[in-house]
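In what follows, a structure is listed as structure tokens, so that the remarks can point back to it.
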Amino acid sequence: MSTVIRNGTIVTADLTYRADVRIEGGIITEIGADLAGDEVLDATGCYVMPGGIDPHTHLEMPFMGTYSSDDFESGTRAALAGGTTMVVDFALPAPGQGLMDALAMWHNKSGRANCDYSYHMAITWWGEQVFDEMQAVVEQGITSFKHFMAYKGALMVNDDELFASFRRCADLGALAMVHAENGDVVAELSARLLAEGNRGPEAHAYSRPPQVEGEATNRAIMIADMAGVPLYVVHTSCEEAHEAIRRARMQGKRVWGEPLIQHLTLDESEYFHPDWDHAARRVMSPPFRNKQHQDSLWAGLQSGSLSVVATDHCAFTTEQKRFGVGDFTRIPNGTGGLEDRMPMLWTQGVNTGRLTPNEFVAVTSTNIAKILNCYPKKGAVLVGADADLVVWDPEKTKVISAGSQQSAIDYNVFEGKEVKGLPRFTLSRGKVAVADGEIRTEEGHGQFVAREPRPAVNRALSAWKELTAPRAIERSGIPATGV
Amino acid sequence: MSTVIRNGTIVTADLTYRADVRIEGGIITEIGADLAGDEVLDATGCYVMPGGIDPHTHLEMPFMGTYSSDDFESGTRAALAGGTTMVVDFALPAPGQGLMDALAMWHNKSGRANCDYSYHMAITWWGEQVFDEMQAVVEQGITSFKHFMAYKGALMVNDDELFASFRRCADLGALAMVHAENGDVVAELSARLLAEGNRGPEAHAYSRPPQVEGEATNRAIMIADMAGVPLYVVHTSCEEAHEAIRRARMQGKRVWGEPLIQHLTLDESEYFHPDWDHAARRVMSPPFRNKQHQDSLWAGLQSGSLSVVATDHCAFTTEQKRFGVGDFTRIPNGTGGLEDRMPMLWTQGVNTGRLTPNEFVAVTSTNIAKILNCYPKKGAVLVGADADLVVWDPEKTKVISAGSQQSAIDYNVFEGKEVKGLPRFTLSRGKVAVADGEIRTEEGHGQFVAREPRPAVNRALSAWKELTAPRAIERSGIPATGV
Amino acid sequence: MSTVIRNGTIVTADLTYRADVRIEGGIITEIGADLAGDEVLDATGCYVMPGGIDPHTHLEMPFMGTYSSDDFESGTRAALAGGTTMVVDFALPAPGQGLMDALAMWHNKSGRANCDYSYHMAITWWGEQVFDEMQAVVEQGITSFKHFMAYKGALMVNDDELFASFRRCADLGALAMVHAENGDVVAELSARLLAEGNRGPEAHAYSRPPQVEGEATNRAIMIADMAGVPLYVVHTSCEEAHEAIRRARMQGKRVWGEPLIQHLTLDESEYFHPDWDHAARRVMSPPFRNKQHQDSLWAGLQSGSLSVVATDHCAFTTEQKRFGVGDFTRIPNGTGGLEDRMPMLWTQGVNTGRLTPNEFVAVTSTNIAKILNCYPKKGAVLVGADADLVVWDPEKTKVISAGSQQSAIDYNVFEGKEVKGLPRFTLSRGKVAVADGEIRTEEGHGQFVAREPRPAVNRALSAWKELTAPRAIERSGIPATGV
Amino acid sequence: MSTVIRNGTIVTADLTYRADVRIEGGIITEIGADLAGDEVLDATGCYVMPGGIDPHTHLEMPFMGTYSSDDFESGTRAALAGGTTMVVDFALPAPGQGLMDALAMWHNKSGRANCDYSYHMAITWWGEQVFDEMQAVVEQGITSFKHFMAYKGALMVNDDELFASFRRCADLGALAMVHAENGDVVAELSARLLAEGNRGPEAHAYSRPPQVEGEATNRAIMIADMAGVPLYVVHTSCEEAHEAIRRARMQGKRVWGEPLIQHLTLDESEYFHPDWDHAARRVMSPPFRNKQHQDSLWAGLQSGSLSVVATDHCAFTTEQKRFGVGDFTRIPNGTGGLEDRMPMLWTQGVNTGRLTPNEFVAVTSTNIAKILNCYPKKGAVLVGADADLVVWDPEKTKVISAGSQQSAIDYNVFEGKEVKGLPRFTLSRGKVAVADGEIRTEEGHGQFVAREPRPAVNRALSAWKELTAPRAIERSGIPATGV
């Protein structure tokens, strides 16, 4: 059976042109004028774009004996509803747990996914087993390793562990990733705030100021440079971190930054809301920042110093959030966003003129597909690519509301925001998962996307590091004398 | 008749994959496995890439009653020999000359071109006629306007003229371009150097220090921002100018910088050579800089803060250079590079690991095709694109020498440099112009490439400027009183 | 007769200690414990500091056939009331007027001054006469030359004139000063705003955005560097200009920036006030900026990248301001501040902890005395120094109000601000001009302060420029050949 | 008995004037014209300046069972020979050793000092005892605490310890100091270099690249900011660290950087010397850098972003250096410089025009006296100040040579450098310790200098931090509901 998308304008990261798209067997088989097929999707007045890729989700993430409330089913359903056709989740080994073991657990959860997915593997502790299994993980198609510089006493790794793991990544041709906040300082600030009676959700923001993120970002960049590995900084939320990334890039270092849609569009005043629930529902790390930081992030997307817009989707219900009443450090960290990322970015980015439609595609899909080395299988509108597509209606509007969302939680941090620009159709490997607001997702349709190590950037960086490696001085007779 | 490129690896700005390419009627008609055609070009072991685009040449440029020595015939022959399949030259109206008049003169010269070409129009004076004819020029498909901030008393325009012309560009959806050096200061420094007895070619470098370029770059950026137009800075040669561009980009401004292959690979010590001819042959503006500036430019290409590698090819013979014996200000400004840009950049960029092969394609071809809005007709390996292609043999080597070059001049600023990575074939709209070192160019084969105004970046910038435009305050009763 | 200040704490730019001060003949004659004298001023609980120096005033400045409303009498009376004991005014030659001629006019006005004063000479046009008279001006003790990069068609000078004048300053051992805004762009923006119907005072701010000031600052710095002269940038109001200054300083350039007390404490929202008079009274160039710019200026004072706090005191009455009803470009530029600078800076700087008391003295007095080379005659509490002193009561408060001010105008831009920290006594060369709120100024008491050229910074810069000057390459036989 | 310095020109951090100086009882008792005294020192043609203060020495420092070879006697003798009249050494507690215990050990060593001295206390481990004894240390007049971010497994402290100690410093009104290199990364790089066969002294430099210092500097700054304490970064050797300091200062943070005379004047090529001894004698941390870093440091001194020039004097003989033959990590770290700092800085700084004589005094003496809160007892030429003075002959020259030095070691890293500008006399509290090349030091003459905590900068910073401290949001009823 074939599906044809008719009368649309194809918009990719670098092209805008009118053409129809034919899909067979989940793959794009033809792009051209006047194509015919068994099923026809009318894209009149719409843009046909690569489906979004959200490289930063935590679906069904274990937390204090329970789980984040969106699992691979509801999470990917929300994703598709908003035009996102692939998610990349984080496999999180418990302390001492083997990487392959954790991977098996994640594969188990993702069986219910409605769209394709991949994983990053987190390095939450260090040892010979981890070192060894990193290779096996890469062989399984997982070529990106996440490191937490925060969450002291839990997920956090120290600088020597970072360095060792980054070097291993370099050797394996993998990508190093970091959650960049100085965990020692966050822990001390948190303790002090609690001691001083600052116990509400706003203290979460106070405990993780921009400087703390900027510092860790800067540190990760140095360590990656010493290890000779490309670095991807997740949830870059502030000018300080962005500055560190820009500074690295201006020296030719291979570093990418990922702002979240939340940080681009919401600010710290949310935490000062008199309603505890309102504030607590916005608790995530890093916290929302002020307007100056937002301007910095937008400019980063415009100039290319920041590369990807993600969500860090990690949905906790109000009930779960209330674990932290009276102690902000116990509020589960995370907000939703999977369904809203694309419309919010289009509305506040493209409709304002900050981003071109092509840049929109780049930062929501194509850039990360390249960085994660699954392009052009994903992130492209090309013959042979997976038919992960969104037919985008730039005139369609709605007001975001928890009442009508796919996510399993009972609120939405974008509640009340009006968006203009929404999917008419979303296709996951050719399957129409969303049609004009109607959800037709199929549980279990999603497949794991394996990725190859050693993309061109890794090879180039390794060549340069080899070329410029320290050379021993030849000396005749040691000790020699002289002055 | 069809031509097939067989057994190569296609390398574009964002893809690397094995496929054959079929060409008919000068156009790419198919990309796939095992293609057949009337003529077969063997690309075994080679990369099949978009032909280079050099957006900065001065062929047969009028100068002191004579002309730069490479004309559209020899210049484009040299280009093709080095893998470049399109040049963009500058139409330079004389003072008081109409733009359409100048355009006619340039069209007349380019009839002998061996490869495709386009023009930028220079704004060398200002007046109602210029204002009016800018629209006609755009309608002719020339959508980029160059402004000289140096060459006082000749090509230079002042800030108010810059601003007026930039605003006109904004209204027409065109691209503003600048040669950025402070012409007033250059003139004063030159006079002073001559007065102090500094009359040799090295004084040319002394008269145009990096600060002078950085200042003008910064100024052009501000004026473009005020006028609401994207800006392209030609021949960015130094950290100071690059810093200004980075700073602008980090604020979301739409600015691109263009380093030359000369500035990337040659340094100021050339001017200190005891042989006057050696030094004078390297005289160009801006002059070569030191190693720190080179590092800055390379990092710019790596990070994306600089976008395009060009040549400013403007070839004068030794005899012409000697006009300036005893007075450096009379040495004709310009060096060659059209034939050497691609091999030099591959050798010093890709072979060292500073650039990936994809980045090489981006900075030699695809980026400028996008900026000048002739992508994907040019700069792409896509079905429907012009078959401007280079089959690149990464193992082929040579030593650059004036003795074996296509350019009409009697020396080469890269003399003696060994390059590894050279064209096996170069195709201009399907015509094999270079085959394994054999030149088969056809005079007059080249065609003019017209370009559309108002690309997406212009439209986005205009939208943003409209959104953030100053608003008048409503006041009831003026004057009001109060404190 | 001797005067003794008893029981105070002396605070200078680098010392804080308890001591009495004895004054005879207008000079400090002794500093020590338990001093006795004919007249005793009780400084119990107070700081004894060098009187403020305001290096940027326009008293009785000619404007459209009238004058700014504070003359040397009322202006210096206001100064003394606020703890400022010296002003430096700008002698402004009319187009074509000789410098010495202008100087005579200014000397004529200043005869009524209540405190000491000096001048900067403005270079408002260029020619042989100006070049020649600059030397005479220096010989008269005026060693700083101001240049306007804005006010096109009136005071503005072009880049070649700037360069020529800066070189002359370098040769004379003088200080170059600039009002840094791009006058061409301001003129174009103003015309455009008027054409678009933006005619109110807020359009004054729109017509001179921070970028326009940043650009000119950057340009002046480059030109000063090429000319080899130290540079003083007046009324640095924004991050863009401050950034240019920081960048220059980080390269070892000798550049100082001068924020105004207005820009430190008032913001652009003043121009959006519904009362036209309110807004118009705040019209000055550069205009007030937003809070981010204020933060930048404060940090500059803290770190030393900005050096001096001034006022640009140029007082126009509401009636004068109303020249510009219906056309913002006709609103006379200028605000008051002489009386308020010290208390406002103490309140918002020292009382908040942004500045130490010593830093307060540095930026209000000592730094500029050093820069202008009249230290330690002025700006010091040392034996032999002029007894220009303020006895500062850190507990004294008031609410600023036009109703109780010394200035001749009918409003105050700081109206309603509460200040804590005010003079108990102000002494001008030993004369008690202000005593506990009582004004005892003496018209004509003020004297002209002549200054020597070639301070240490000029000499050092000249030495460095000589050491690093371009050197001609020795060549045997020109033209030589070779490749 | 009185001593008079006659016919000299007094040069301080902010004044240059002709006057004689009378000294009695080790104190300056009069400054004026034509003074008489029992002993007369002829300063004709000389500058009379505050004696140098070297805030960074390691005299008789324990090392691998032996000691650095210059003790308080030879070290201070070398200091005086070069015009330095005070040193500040580091008391280094062994792991687990109490601070007061270490202090007693250092007091014991310093009994032989020829000039005055003070200490910084190092925090080499953390615990309740350390926390408690910090107060006792401050009460003993030692108000600066040093922290090592390198030397893993020995002196290094982690981020949480840094934060805890910095907060303690803030509470005590003390100064936080850091040796800033990332010790984890240095350890890993060192191990890797050894493993790869890089065992010579050059590998010491390879193991501590500028990025590693820049990172740690940036981290220390963030932690100090969070703790609300001023920070002093010792031996700032590179642009990366300087950049971090500049960036902090441009945000108003209270951070100072200290380049060493070695880093200002010697470069990394020393480590590539074919003579092992030559290279090993230059091994110190951070290592020497390249010329670009030197330019950065000089510019920092010019602009004020760097504040103090020190030596990190820690002298090991060639024999001691040879502990590290075959394993660079065992070469004792340290070089000399006490005798050479002032002449080298004068020669390369003042004689070139990079620094004024006043700036020379500031960076060698006055600035650090202020930072360490012992000004104007030290670092001043004022009545009442200690008569620690140097009579500086700007015409005197010599060639530096180990053969004629005071230091106990057998070489000099500045061997062969010609200096112009040397002491004619050096006085330690009035005692003539050096007279025209003759050494007249007196063992044990030196006294401990106690310092007060809570200087103005600490008080201001604390006020600002209090003013901007996080505030809890008032909420009625938790949990509240709403969206």
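Should a chain be cited, it is by its letter among A, B, C and D, assigned in written order, with residues numbered from 1 in that chain.
FYI, contacts are C-beta pairs under 8 Å (C-beta built on N, C-alpha and C of every residue); 3 or more make two chains touch, one makes a residue touch a chain.
By chain, with names taken from UniProt: A, B, C, D = Dihydropyrimidinase.
Since we're looking at a predicted model, the values are computed, not measured.
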item: Set of chains whose contacts include both chain D and chain B; value: A, C
item: Most remote chain, CA-based centroid, reference being chain A; value: C
item: Option reproducing the contacts of B-C, where over half of them reappear, out of C-D, A-D or A-B; value: A-D
item: Distance from chain D to chain A - Cα centre to Cα centre, in angstrom; value: 46
item: Distance between chain centroids, defined by C-alpha means - chain A, chain B (Å); value: 37
item: Gap in Å, rounded to a whole number, between the CA centres of chain C and chain A; value: 51
item: Junction residues of chain B - those touching two or more other chains; value: none
item: Full enumeration of touching chain pairs; value: A-B, A-D, B-C, C-D
item: Partner chain C, residues of chain D touching it in the complex; value: 13-16, 246, 249-254, 295, 298-300, 302-305, 350, 352-358, 366, 370, 375-376, 456-457, 459-467
item: Touch list for chain D against partner chain A, complex; value: 158-160, 163-164, 167, 182, 184-185, 187-189, 193, 197-200, 202-203, 206, 209, 211-212, 214-215, 218-219, 222-223, 225-226, 243, 247, 271-279, 318, 322, 325-326, 402, 411, 415-416, 470, 472-476, 478-483
